[in-house]
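Next come the structures, one after another.
One chain, chain A, links the two complexes that follow: it is found with chain B in the first and with chain C in the second.
Moving on to the complex of A and B:
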C-alpha cells in the first residue's frame, strides 16, 4: 500500500508538531517545568521517529505513538500538583496566582481558584465519588438540590460497597471511611450548605446505628434513612412548597424569576398545569446563563407559557411590569440573608424598590445556622472555560476555543483579571416571604424553624 | 433669507447626516455632537439672512431635522441649542448691549429664568454697525456678523475637542490610592478619567461587562493596557462586590434637567446597588450631554431598544419564536441615586444641573 503510508506519516508529524507547540506554549509560562516536559517530548518524539520511519505497517499501529505523544504534555502538567491540567485552568492560575507580579487585589484571594476537572485523587476514593467529583467540577451537576441528591445517592453506593474491617464496628468506622470521600467532593467544588446539612444528618444516623445489627442490615437501614431524607426534606418538601407558592400566582399575573431554580421551575409548571394564565419574565446573566434552560422547559409545555427573556441590565425596564418575583436559593442563613446565584440580590433589591413582592422558595434543609453579612466573605468562582466566548471579543476567530483566550488574557494583559463569582447574598430586608414546606415565613424568623421542626440538628 | 437654492445646497450635507443618524452609522454622544457642529458651521457659512430671526430660524429648522432623525441622540439637539445660544450672545455683544454677564448672582439667575425680552430688536435698529433688514444691501447684516458667528461656533468646537481633558484634569482629586472603583460599559469619558487618575494613583478598577453589548470588556481591555489593575466581572456580581467598592464611576448618555440621566443599561442596577451600600456614585460627562428634558413617566429608559439577537441568538432556534426578548439600550437613573456630575465645567451635584442648563441654553430653544 504505497498511498496511505505518506498520508499517515504526515498526520503523525502534524500531531507531533502540535504537541511540541503545546509544550512551547507552556514553556513561556512555567519555564522550569516546561523544560522538563520538552525533554520528555524530545525523547518521545525520538522514539516515535524511529518506528515511523522504519516501518510501513498498517496505519493503526502508527497512530498509537502519535496519540501517546499527544498525551505527554498534559501528563507532565498533571504530575506536578499545583499545575492545572487544562489550558483554561492555566489561564485562571495566570490571573490569580501571580499576585506579587501584578497589582492584583488580595481581597479576592480567598475566593480560591476554580477547580480543574483532573484534580488528584488521594487515598481510597470510591469510583462513584470520583465520577461525582468530576461532574461537580465541570458543572455537569449544578444546583443545591441536584448536588445534594447526587451526593446522597453516591453515598448509598459507597455504603453498600463498604465492608467493616475486622475489630471495628460499622457505627464507629464507616464515618472514617466516608470522610475522605467527602473531602474529595469538596476539593472538586466547595461543599454546598445542602450537602453539609445532609452529611451531618447522615453522620448522626451512622453514629446512632445499632452495634448488634448484622452489617448488611445496618447498611440497608442507613440507605433507607438516606432515601427518607431525600424524600422528606427535598421531594415532598418541594411538593408542599409548590402547593403553597402556586396559590400566590393568580390569573393574569406576570411572574418574574432570575436564572433557574429547579423549585421555581416546578412551581411555574404546576401553576400551568392548574390552568392558571400567567406569563413569565426570565432574567438571566452570565456566567452561567441558566435561564435559557428554564425557558426551554417553560416553552415546551402545551400550550407554551408566554415568556419574556432579558439579561440582567434590562431588569429595571421590566420590573415595573412584574406582579410577583419568585426566586430560588442556595442556602438561607440565620440572619435571614439568602445565599443564591449571583444576581439574585439585585433582582430582589429592585423588586423591593418597586414594591413587587419577592417570594423566596426554599426547603428547610437549606437553612444554615451561620450568619452571612455580605456575598464577599464566602463565594465561589466559576470555571473560566464557561466564558470561552471571551475568545469572541479578544480574538476575532474562534477557531480554537481556548488558545486565543490564553493568548489575549494571559500573555498580552497581565493587569486584566477575570472573576466569575457564582453567588451573592441578598439581605433579609429585600425578601417579602420565604416559602418553605412549613409555610410562608418572614426571612427574619428562619432561626426558629429548626426548633419548630423539633430537631436539635438540622 | 433662506432662499430655495441655498437651502437645497445645505440640504445635501444635512441629509447626509440625517441618514447616518437614522441608520445608526453614527453613534455616541460626542461623535454626533461633533458632526452636528460641522453641519451647522456649513449651514451658517452658506446661509443668507438679513436679521437675527432669519438666522435662528434656519438653524432651528436644520436642528429639527437632525433631532427628528434620531431623537435618542440628545447631544444633536444640545449642540444646536448651544450654537443658538452662542449666536444670540454674539449678536447681543455686536449690538453693544450688555448681554448676560458671566458673573453670576441670584438676581441674575432669577432674571435668566425669564424669557428673553423682545425689546432688544427694536433697539438694535438704532445701532450703527449692525443694520438689520437693510433694504439697500440685504447681506450687510450677515457680512458683519458672520465672522463673529464662525468664531462662536469654533469655540463650541474647541470645547468639544478638549472635553475629555477638561473632565479628567481633576481626576486625581476624586480617585485616591488603593481605592476600588466600579464602572461598567464603554464610555470614552470614563476611560480618559480613569487613565488620567492612574498617572497619580495606584488603584483598582472592577469593570462589569455590561451584557449584551459587552462594552465592559472593551473598557477592561483598554484600562488594563494602560497599566491599571483591572478585574472583569459579569453584571450579576455587581451586588456581591459592591461591599468592597469605594466608588462607582459611570458614564452618561444624556444628563437631564432634573439631575437624572440616561445611561447605558446596567447603570441603574449599579447605582441602586451602590445606594444600598452607601457607595458614592460619580458620573463623568461632557457638558454637551446636558439636555433640557425630563423623564418622569417613562418606564423604559429613553425608549430605545437594541437588537434582540444579542440576548437570545438564533442558535437557540426553537426558543426564538416563542419568547419575547427585551434589550433596552439605556436606563433612566434618578437624581437621588447620583452624587456628583463631573463635567468639563467643574463638578456639580444633580440638584444644580437645572442651573447649568439655564446658563448653557436659551429657554426658547428647549423645544426646537
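Moving on to the complex of A and C:
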C-alpha cells in the first residue's frame, strides 16, 4: 500500500473485522451447526485478510467466495462485513445490488464477478490505469494479447511519472506503487494469465534494477525491458507463429476458426498475402459475436478471402467440410488443457470427432503452470447484470426483425439468473498441435519448453 | 559447392549398400555430411553451416522418401550449431567436429543392442508377436530374445523334458506381414526362419484376422516425429488401428537419431505425400467429365485407347500408393529407444527439450 494512512486504518478495520467475524461465528455455531462449512470458509477469509498488500491477486480470489457464501445465509451479517473490507466490499455490493435475489449462480459464485463500469477508485491510481480499467470493464480492450500490451504500455506511463519518495530506493518502492494499480485493473476485470506472466517478469526486473543507477536511467531501462518483452514474446513470436502455421495451410483448404483471435486473423491474412487459395469458415457465438470483426477484416482485403459465417449451432453440419481448424487461446495450462473463449471446446471436440486436425495458435508467454481440469474451477462471468443482458437480447431481436421477445424486463425476472461464462477449457486430447514460436508441439509438451517457464530473461 | 554435393551423394549412396545390413538412413546421412565436412574448405562456421544445409537439401531432393534422411541431417546440423566453439582455430574445430561425427556414428551402431535389451523384457515365453515389413532393430531384438531364451532354457533344462522343450518348443513365434508393395516382410521371415524362430507371413489384409492370436505388435520406424507418432512403411497405421481396436499393445522401436522435428497433422501432411499418390487414373476422370463439360470427341478416343484394356501391374499400383504412413501417438503404447522406453508424450517432450530449448 502506497500511502501510510489508509494502510494503518485498513489494518485496524481488518483486525476489527477479524474479531467481529469470530464473535459472530461463535454465535452462529451455537444457533445452527449445519452451517459449519460456511463458517470454516469465513474464518479462513479472516486469516487471509491480513497480509494482502503484495499478493493482491491471490487475496481477491480467495476472498470473493467467502463473501458470497456469507451473503447467502444472512444478508444482515454480510452488509456489516462489506463496509470494512475495502475494495472487494465495494465490488461485491455492485455485483449484487440488482435486487433481492442471489439465489442462482450459487455454484458459480467463485467466478470472477462482472463489474459495473463506473467502479470506484481507491487510493493513488494513475489516470492511465483508471482509463485502462474502464476500457477493460467495458470490453473495449479485449483479448489476452491486447490486454497484456495495453497493461504494459500503461505501466510504462506509470513508471515514467513515478517519483521515488525520499529515503526510498526505486527497486524497493516502485512495486508498492504499482501494486494498487494492478489491484485496480484486477477490480475492473480479473487478470488474464498473460498479464500475470508479464507482471511477474516486470516485478523481477524492478527488484533486479541497480540501486546506484540514477532514477531516470533506471526508469528508462525498465521501460526498455517492457518494450523488449512486448517485442520478443508477443510481436516477434506472432511473426514466427504466422510463418509456421501458414505452412500447414495448403491450396484448396477450408480453414475453420472460432470467434476471433488476433493471431489467427494475422495467420489467415499472411496466408492470403502469400497467394494461398483457401477459404475460411468463421464460427461465432453470442453474446460477444467477435467473429464479425474477423469476418470484416478477412473480407476487406483485396481480393477478399472467401468466407462462410455461421453460428455455433450450425457447426456440426459444417465441420465435415473443414480441412483444418485454427484456434486461438487465452492461456495454455500444464496438463495441456486450453483456456479459451467459451465455445472453443465444442469446436475442438467436434473437430476431433470428425478427425479434422486442430491447430492451436498460442505464444509461449500464455503458458500457465497451473493445472486446469474443467471450466468450472476458474472462469469469468461475462455481462453486467440480467437487465443489461435482456436489453442486449431485446436490441438483438429488434435488429434482426425476429419474433418479439416475450421476456419482460424488471422484477418479474427475479427468479431467473443469467450464467454467461466467458471461457471454457478444452482438454489436451482434442488438440492436435500447438503452434508456438518454438515450433509445433503437442499440447502436453508445453511444460518442457524452458522459454514458457520464464527461465530465460525478458 | 555443386561438386561438393555430387561427391556427397556419391558418398551417401556408397555407404548405404556397402554396409546395408547395418547402417540406417539417418546414420548414413550423418556419415556423408561428416565426409563432406572433411572435404569442404569453408573458412567460417557460417559458411560451413550453409554448406551443410545445402548438402542436406540436395540429399533429400535426391531421395524419394527423405524423412529418415532429414532426421539425420537435422540432428547433425543441430549438433554442429550447439557444439561449444572454444577451439583455438577453425580448422581445429572442424577436425574436432569431424571426429565427433564419426564417433557418434560408431556409437550409434550400438544403439540397437541397447533397444533390444529394453524390449527383451517385454517378450514373455510363448508370446506371439506381430511385426511389419523389415526393420533391422526389430530383427535384432527378436534374434537376441531367441538366443537368450534358448540359453536360459538349456541351463535350466538338465533333464530330458526340458531338453525337449528347449529344442522343440520355442519360446515365441512371430507373424510378419508381407508389406506390399516392396514385400520386405518376406526378407524378415527368411531371416527369422533361418535363425530358428517360428515365423508365418500374413497378408497385409489379414492382420485383423490374425490380431486375436497376437500378444503384442513390434514395429520398427523410419522416424519418430514430434507429436510422438511414428512414420513407417505403409501399413503400420492400419496395424496400429487394428491393435488398438483389439486392445493389444503396440510397441515401436526407434533409435534416437530417428527422432525427427516434424509435426504431421495428417497423412497428407507428410513430406513424402505428393499429388500423384492416390490420384485417380486419367481415364476415370475423363469418363466422369464429359457429362458436365462436354469434352470434344478427342477425349473419348483417349478414353478408348487407354481405357479398354485393363492392365494393372504391381508397379502401376505401387506408383499410386504411398511408401510410408503416419501413426498417431494415441495408437502407440511405448517407444523403445536408446534413451529409454518412452511414452509418445515422453518422445515429444524429449524432442522439444532437445530442439526447442
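In this text, the second predicted complex is superposed on the first by the 320 of 458 C-alpha atoms of A that agree within 3 Å, B and C clash if a C-alpha of one lies under 4 Å from a C-alpha of the other, contacts with A are read in each partner's own complex, and residues count from 1 in each chain.
Simple rule for what comes next: contacts are C-beta pairs under 8 Å (C-beta built on N, C-alpha and C of every residue); 3 or more make two chains touch, one makes a residue touch a chain.
The shown structure was predicted, so the numbers you read here are calculated from the model rather than taken from an experiment.
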item: Fit or clash between chain C and chain B when superposed on chain A; value: fit
item: Chain B versus chain C as contact partner of A:433, first or second or both or neither; value: second
item: First, second, both or neither for A:292, with chain B first and chain C second; value: first
item: Contacts of A:135 with chain B and chain C, given as first, second, both or neither; value: neither
item: Partner chain(s) touched by A:375 [first = chain B, second = chain C, both, neither]; value: first
item: Which of chain B and chain C A:449 touches, first, second, both or neither; value: second
item: Contacts of A:171 with chain B and chain C, given as first, second, both or neither; value: neither
item: Chain A: partner with more touched residues, chain B or chain C; value: B
item: First (chain B), second (chain C), both or neither touched by A:309; value: first
item: Distance in angstrom between the closest Cα atoms of chain C and chain B, superposition on A; value: 17
item: Residues of chain B that touch chain A when the two form their complex; value: 180, 202, 204, 209-212, 214, 217-218, 220-221, 223-225, 227-241, 243-244, 264-266, 268-269, 272-273, 276, 299-301, 311-312, 316, 318-319, 322-328, 331-332
item: Footprint of chain C on chain A - complex, ascending; value: 248, 324, 355, 357, 359, 429, 432-433, 438-442, 444-445, 448-451
item: Residue ranges of chain A touching chain B (in the complex, touch as defined); value: 102-105, 107-108, 285-287, 292, 295-296, 299, 304, 306-318, 320-321, 341-343, 345-346, 349-350, 353, 374-376, 379, 390, 393-394, 412-413, 415-421, 423-425, 427
item: Residues of chain C defined as touching chain A within the complex; value: 226-228, 261, 263, 265-266, 269, 329-330, 345, 348-349, 351-353, 355-357
